[in-house]
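Below are two complexes that have chain A in common, paired first with chain B and then with chain C.
Showing the complex of A and B:
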């Protein structure tokens, strides 16, 4: 059952992404952007990382998309200026084609297209991670196009030794495991990102503060 | 068969919630009336209890009017989004030991995500909602530090020792005030503006769409009250508090 839901979510994300750039009304664009975020969040939840999916919704949909809506509200966009027709519309297609083909090239060079000959104890390889997710129609189509596998029955679900119950010592929920590694092994990165966030909070206030007096230092400490 | 059971589970939560919402509106009108020294609705049923159903019937049979210059898709989508995400929050509420529609290990995060999504129904109340969400999340974080888990059933069971209302009374007061702001009730009901406009941002929606806004508002009020009870007043075990 989760096979079909994965397909719907990925197709929905792709369709919403296309409709973000091709819709005329900017508010409708933001709504389709929200739809992209929700679809991707659902995909992440189905992959097993529920915390990341829900935090996508809280951060992206709850904060960033609202920021976009506020900006659009205050920009006073005239809808008649926005609709591009004819040569104005097609003159940016070659650039889009170049950037898109670069992206596709990057993806093809990373994703594995054949699942034969995977070792079961290669815990840190990309191919092991991808073999554990359920295959949907898009992946089936991929394997048909670029590999020698005839049907999805040939693909083996790799048994991961990390999930075996006889070697499982503790059971962390997701937030506990993220916290355990983030606050010990990744503590320096955590401190760095907190400094960047502090800069992001203080920076705009300092940049946009208006001072009326010419005596700048005196007004700061008044 | 499994889908049938899932649908029956969801319906057995949604239909009582809608009935609770209906009777909450009557209770609010009777309470406000007694504060103003008059009787509230007292004609329709015994003591006016069926007033909500009369209102719903009237609203469903009204003519559906929409402004000519409005974007019809967005006009109809707003109330629908608000109602759907208000009702989605009831999926993680424990009504008894183990009696939830979905017992998520990240239940509190799911409630925060659903409340983030439901702000798109009405942008005017959003600025208030976002500013008070920070306070609500901080208060929730304190309770999560007490229980050590984001699961709502564990949050109820952890209060067998002591109800969190007793050690965390100031946090309860802060959470309560934040909850009133989050649902646009008095004294934070500037977004609805009942004294200036007829009903704030809901004025131009009519008939069935207005019912959605109405249901969504009271459903989110009931949801926040249930959430407060689960976090601070020990949920379904609260019979021992009294």
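Showing the complex of A and C:
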């Protein structure tokens, strides 16, 4: 059941991502960006990481997307891409195809053979020459090409049942473990991030300040 | 199986974000595609930390910082976009 919903959420995220870049109205573009964020947040929650899923909705949808909407509605952005139809979209598709094929190359060739030395990757049975992870990837591509059912999660166990994370919505032990690493080993990073967020407050104020001469702030230092 | 599932989703979103970032003439749309790229990177980090690092969750912590930095650069980028209209 959760595999079914995972497929729906990932398809929704990809479709919304395509519609972000190909819609003419910038407000519709922001709405599809919100849809991408909500789909990815639901995906993360189903994957077992409840804290990051909820914080996506709070931070990305609640702050960043609202900021985009404010700026777009305040600015009256000219629809400069209205004329970019037909040949102007397809003339950069080969470049996009090259970038996308790099990822596909990495997923096919490099990723299955890097699973052999990991101790937490708990396979169900011993296999010396032919790793079960590569069997899983090849089987997955086979189901992509041949059939449309495509559920191959019985081929091998990626994680053992004690770490089965797709059945928890929130987990206080997970938040506690994030906090225990974040506030001890990542404490300096936290302080640096606070300084960067202070810059993000002061910077837009300084950039959009109007003085009496209606010049920018830097002309005051002449 | 589920690991490659998530990584393919992350690769798709990253490629769509890069394509939109390169071929957009509007700066606000470029900033939105930059958010897509950072989103895909977040999914990647979080997946690897969930599968292979159940004890320390270093990928989760890094993606918290990526969210914070993405918010900061979205704010500053939109201020840069809207500054000629305010005083120009």
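Going forward, the second predicted complex is superposed on the first by the 131 of 222 C-alpha atoms of A that agree within 3 Å, B and C clash if a C-alpha of one lies under 4 Å from a C-alpha of the other, contacts with A are read in each partner's own complex, and residues count from 1 in each chain.
Methods note: a contact is a pair of C-beta atoms (placed from the backbone, for glycine too) under 8 Å apart; a residue touches a chain by one contact, two chains touch by 3 or more.
The structure presented is a predicted model; accordingly, all values stated were derived computationally and were not measured.
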| item | value |
| --- | --- |
| Dominant contact partner of chain A by residue count, chain C or chain B | C |
| Which of chain B and chain C A:175 touches, first, second, both or neither | first |
| First, second, both or neither for A:68, with chain B first and chain C second | second |
| Contacts of A:29 with chain B and chain C, given as first, second, both or neither | second |
| Which superposed partner A:55 touches (first chain B, second chain C, both, neither) | both |
| Chain B versus chain C as contact partner of A:46, first or second or both or neither | neither |
| Contacts of A:15 with chain B and chain C, given as first, second, both or neither | neither |
| Chain B and chain C footprints on chain A, overlapping residues | 51, 55, 63, 174 |
| Chain A residues touching chain B - in the complex, by the definition given at the top | 25, 27-28, 31, 34, 38, 50-51, 54-55, 57-58, 61-63, 65-66, 69, 73, 173-175 |
| In the complex with chain A, residue positions of chain C that touch it | 1-9, 11-20, 22-26, 28-29, 31-33, 35-36, 39, 42-43, 46-47, 50-52, 54-58, 60-61, 63-65, 67-76, 78-83, 85-87 |
| Chain A residues within the chain C interface of the complex | 3, 6, 10, 13-14, 17-18, 20-21, 26, 29-30, 33, 36-37, 40, 43-44, 47-49, 51-52, 55-56, 59-60, 63-64, 67-68, 71-72, 74-75, 77, 80-81, 84, 89, 92, 95-96, 99-100, 103-104, 107, 111, 118, 120-121, 136-137, 139-140, 152-153, 155-156, 158-159, 163, 165, 174, 177-178, 181-182, 186, 189, 193, 196-197, 199-201, 203-204, 207-208, 210, 214-216 |
| Touch list for chain B against partner chain A, complex | 71, 73-74, 77, 104-106, 109-110, 112-113, 116-117, 119-120, 123, 126, 130, 133, 149-150 |
